[in-house]
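Heads up, the next two complexes both have chain A, just with different partners, chain B and then chain C.
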Partner chain A sequence: MLRKLTPYFFVAPLMIFIAVFTYVPILTSLNLSLRQWNFLTPDMPFVGLRNYEELFASADFWNSLWVTTLFAVFSVPLRLGAALAIASWLVRETLPARLLRGALFLPSVTSTVSIAVVFSWVFSTDYGMVNAVLATLGLGRPQWLQDPHLALWVLILVNTWKQIGYDIVIYIAGLQAIPQELYDAAAVDGGRRFHVFRRVTMPLVMPTTYFLLVISVIEAFQVFTIVNVMTRGGPAGATDMLVNLLYEIGFELFDIGRGSALAVILFVLLVALAILKSRIIGRKVHYEA
Partner chain B sequence: MKPENPILTMLSLAAGLLFLAPVLYSVWMSFQTADAFYAGRVSFTLDNYERAITQFSFARYLINSLIVSGLVTVLGITVATLAAFAFARFRFPGGDLMFGATVATLMIPSHISLIPNYLTLAKAGLLDTYAGLILPAISNGFAAFFLRQYIRGIPKALDEAAYMDGATHLQVLWRIIVPLSKPAISSMALYIFITEWNNYIWPLVAVGKQDLYTLQIGLARLYRINPGEGLIDWPLVMAASTITILPVLVGFLAVERHLVRGITMGAVK
Partner chain C sequence: MTRKLHSVIAASVFALFATVGTAEAATTVKFWHTFSKTNGEALNKIIASFEAAHPDIDVEPEFVGNYNDLVAKLQAAIPARRAPDAVILEITRYGLFANNNILTDLTPYVDADPLKDDLYDFAREIGVINGKNYVVPFNSSTPVLYLNKDIFARAGLSVDTPLKTYDDILKAAKTIQEKLGAEGISGIGAPGQFARWGLVMANDSELINPKTNEILLDKPNTIEAYQWMGSLVNEYKVASPDGVTDEDKGNAAFMAGKVGMDMDSTGSYGGRRKALGDNLVVRPMPCNKVCSVPIGGAGIGIMASSPKEVQDAAYKFVSYAASPEANAAWFAATGYLPINKKSAALPVAVKALESQPGIDVAINSLPYAHGRARSTFVTWMRTNEYKVWQSIALGQRKADEALKDFAEQTRKESQRAGN
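Our next item is the complex of A and B:
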């Protein structure tokens, strides 16, 4: 009898932690999203779908969804395009390629708060690195993080700078999996470099591209730290991405019902994307076979 | 590694330095006096570090970060390894379902649990404690999945030989599986440590007491306390930022290859 229970003892700690901190919270969020509560009152009346209705009627929610979509639409192609170009050069096992790979990868393991603070300085109006260069060239001093038209672009740039090393590493792994014979064959056929890239490399790293595409979209929908440190969602909501709005509603306004409703919406969005991702990984296996 | 054109090596090095220029410059700035920095002169001082450590409690934050990330890593790896061993070596009713539930956590965004976990820990009286920072971070579905895949690659004959000699399951795990999984365990440990070290949103909501700030919270507060842009003491902030980056950077440089291998194994396979 005890022998049969053995595996359960081994998995029990993990299962308990996953249940308490991952699965039960999904149900709790669903429940709270149908209630009105502010942490303080003793009871939390059931209000049906009112929190969702209020969200869908609020300009903040649509602004946030729009800003997050903009962020994803511009940052993802920028990351992937640049990463593939750099990776196809750095795929070689030479000393300079390895040095550069290390340098490009470093930001992805560095503290996001530190990066956000450092780039707040880089783009600060009066003392920043960027404006020092621009002023020398006589191009003026834009107020990068205080200008609603510029702030989001700065965040996209900072996020790209931080994440691109990861994309490059993944692309390099994808490129290394392409059989050398295909390149040899293309060379025999006298293919030019760009042509080989388009006809051999691009299609064969497509599964890697799909993978990176989906995880970077999912990441874009979860960006919080750089927003919280660099702009607090401002100026005038121009960088108020979804998780930042969730934090504001839940932990600054203490509107637990509405915050939970937003969490549920975000959850549904991201799980849909994640399922898309697993479909794509399934296709990749098929692709290789 | 092939020998390479030295000019290309120099150019690559320069490109890498240019890419890292913001961070490199921030480290340089942390050794400047504020007066000299704003006047555009060059100076050298350790004063910013001294103030960050003593006046602004960064020694305390550093210790908190080490405690929290260290314990999350040790507990997280232990819990993941135990489960991975069972998933890899036993067939038992509900096993596939539990493994599925473990892998599915990779798709679940952490923000859905932000408010509920806050309430759970508040009810348990664990907000503003180390336990409150650590407990929600212990389960790591990715580590459990990764280690299970790795353990499945270890020949079962080794376990069986040990069982013949009368070893218990725990002995097999500890004497055979763990030593042979060392590369996988160490890259996962590093991955968990770095992720937890850089964790921001959870300590932000779970901790109000300054004594329990991690480096990330301390740094964000130090930067945010400064009211107007012109008044920010950038050299001080950069010293604090350097303290925040450094431990992970040193660890990363020591084991870069392991980490990169772990990441690509997880992503591409």
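Our next item is the complex of A and C:
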């Protein structure tokens, strides 16, 4: 009996940790999403699905969902595409390549708040570095963070700059794991550089791409700090992404029930996306050469 | 010798225990506030002098960000039982905490405190909801109009230029923009929320009636005021759009000498004076249709969850912070209004009035200063007003359309909140 139970004792600490810090909060959010609560009172009356109904009826929710989707659709391919291209170049074990890897990784370990504050000044319309340069060249002063058509792109750019170093490092690890013999064989067969990349590199780096895709889509749907510091969801809701809206509903409007309902929707959405990715891309991922 | 040594050791041990005993006896009051830089330094001095006068009370101040940050953090701290004992609360946003019994009813404390008769009516009144006193005023303010003397001179304008109406302000802003715009200088800062409220009141309107809680966001005069404010950015381009999406950027630009005029709280006087020195000129807010300014700022509330002895200690601090000595020092360092009738006569305040030109502008506006609504849904209204303002100022929506929609939403929220 004891022998049967022994494995469970070993995994128990981790299971307890995951339960307390993952499953309990998920279940608590689910419970709170069915209640009306403002953090301040002990009463939490059960309101059924009202919080969900209110969210689905609100223009702010649909705007946030749309903005977040746009952010994910454009930022994820940009991140992964640029990271793979740079990683292919930096995979060589030369001193400049190593130094560049370190330099590109730095933003990943820098405080997001600091990055957001600095970039909010860099992209300031009248006092920013970018516009100072553009104005000198006679290109005017675009309202980067005030124009609803531009603000989201600035956030995508800043987020890519912040995250790309991590993607590059992971890609380099993936690229280094590809056996050299395959490239040698492709060279013997007269494969051109592009074809070698498409036929050898791309398929073999697919597990890495798949991993980064899952991670970056989750991150894109959970982006908050950059938004909150640089635009606070503005101008006029143009960058009001789901987690920013969640913060606003929960912590500025004191509606924990509705905020929790949004958290549950986000959770379901991310799980659905993960399943979808697994169905569509998962089959094309080969873990062995 | 050995005997002497023993005596010394015994005395030292006794003294050590006595000190520890005293330290343990001190009551600690955790105090959350919103003041940094110049204002934060002034607050720390007040706390130090309070502790010197009350060695049995230890006030532990903690800067927790701006008013919005504080409300968010307090809200999260309450269910986690990590709330402070005393807290600065902006005067239109403490209703939520008062109505949910989070704040102690300070009426018995205030009634028994001689301070009650020393406070100006405008200051005492802002701490009262439904006849109960929930906060004691600390930093009261009104918006004022700040000018940069150097920019005015370079634009060929006198700082005594009439700036009473919207048209006067626009004319001066246009002149600055035309003359100095090429140097990256803006005519005026995009008004922040407090200034917007003031400009609406100067147009003989309100956002919410403070007595009846009637929502006035879609009244013609309110719409007209927003239309004018928005036109500064999107039509006349005399105000930088940077300040529309980030009020701090607008303030920073003025303090960096990049803006000719800016409307903001008198509580930012100290910081602006430090930045611009004698180039800072203060004028009253415009009186477009009437002279009327909102009273802003915050008071200190005490948490109902704190033990009685801590509440008592906290009240001593709250009362001290509003005392003539503390208030005079606070006024002189920051520019916030004197809230205590006896403050202005104290040497530190007299000296400030003599040596810091413009610090008295807000005091002179008190005869036409008015308290604002502080019912529960005001927090909701203020949070959402930013989006509405941005849409108007950045030319995405017309003021009448945006404000009519906003008024409707606010009415619904008011009903939801049970006001």
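Please note the rule applied: the second predicted complex is superposed on the first by the 249 of 289 C-alpha atoms of A that agree within 3 Å, B and C clash if a C-alpha of one lies under 4 Å from a C-alpha of the other, contacts with A are read in each partner's own complex, and residues count from 1 in each chain.
One rule holds in what follows: a residue touches a chain if its C-beta (ideal position, glycine included) is under 8 Å from a C-beta of that chain, and two chains touch if they have at least 3 such contacts.
Quick caveat: nothing in here was measured; it's all calculated off a predicted structure.
Colleague: Kindly say whether there is room for both chain B and chain C on chain A in the superposition, answering fit or clash.
Modeller: Clash - chain B and chain C, as placed by superposing on chain A, overlap.
Colleague: Between chain B and chain C, pick out the one touching the greater number of residues of chain A.
Modeller: For chain A, the partner with the higher number of touched residues is B.
Colleague: Using the touch definition from the top, say if A:125 reaches chain B (first), chain C (second), both or neither.
Modeller: Both: A:125 reaches chain B and chain C.
Colleague: Applying the touch criterion given at the start, work out whether A:222 contacts chain B, chain C, both or neither, answering first, second, both or neither.
Modeller: In the superposed model, A:222 contacts chain B only, not chain C.
Colleague: Between chain B (first) and chain C (second), which, if any, makes contact with A:251: first, second, both or neither?
Modeller: In the superposed model, A:251 contacts both chain B and chain C.
Colleague: Of the partners chain B and chain C, which touch A:49 in the superposed model: first, second, both, neither?
Modeller: neither
Colleague: According to the stated criteria, A:275 is in contact with first (chain B), second (chain C), both, or neither; which is it?
Modeller: In the superposition, A:275 touches chain B alone.
Colleague: Identify the partner contact of A:13: answer first if only chain B is touched, second if only chain C is, both if each is, neither if none is.
Modeller: The answer is first: A:13 touches chain B but not chain C.
Colleague: I'd like to know which partner A:4 touches here: chain B for first, chain C for second, both or neither.
Modeller: First partner only.
Colleague: Applying the touch criterion given at the start, work out whether A:24 contacts chain B, chain C, both or neither, answering first, second, both or neither.
Modeller: In the superposition, A:24 touches chain B alone.
Colleague: Go through the superposed model and pick first if A:85 touches only chain B, second if only chain C, both, or neither.
Modeller: It touches nothing on chain B or chain C.
Colleague: Looking at 1-9, 73-81 or 289-297, which bit of chain C clashes with chain B?
Modeller: 73-81
Colleague: Using the superposition on chain A as set up above, list the residues of chain A that contact both chain B and chain C.
Modeller: Chain A residues touching both partners: 120-121, 124-127, 251.
Colleague: In the complex, go through chain C and note every residue touching chain A.
Modeller: By the definition above, chain C touches chain A via 68, 71-72, 75-76, 78-79, 96-97, 100, 102, 184, 186, 240-242, 244-246, 249, 253, 256, 258, 379-380, 383, 386-387, 390-391, 394, 396-397.
Colleague: Would you tell me which residues of chain A are touching chain B in their complex?
Modeller: Result: residues 4, 6-8, 10-11, 13-15, 17-18, 20-26, 28-29, 32, 92-100, 102-107, 109-122, 124-127, 129, 161, 166, 169-170, 172-174, 177, 208, 211, 215, 218, 221-222, 224-225, 228-229, 243, 246-247, 250-251, 256, 259-260, 263-264, 266-267, 270-271, 274-275, 277-278 of chain A touch chain B.
Colleague: For chain B, which residues count as touching chain A in their complex?
Modeller: Chain B reaches chain A through residues 1-4, 8-9, 11-13, 15-17, 19-23, 25-26, 29, 37-38, 78-80, 82-83, 85-87, 90, 92, 95, 98, 101-102, 105-120, 135-136, 138-139, 141, 144, 169, 194, 197-198, 200-201, 204-205, 215-216, 219-220, 223-224, 229-230, 232, 234, 237-238, 241, 244-245, 248-249, 252, 256, 259-260, 263-264, 267-268.
Colleague: What residues of chain A sit close enough to touch chain C in their complex?
Modeller: By the definition above, chain A touches chain C via 38-41, 120-121, 124-127, 143, 145-148, 231-237, 248, 251-254.
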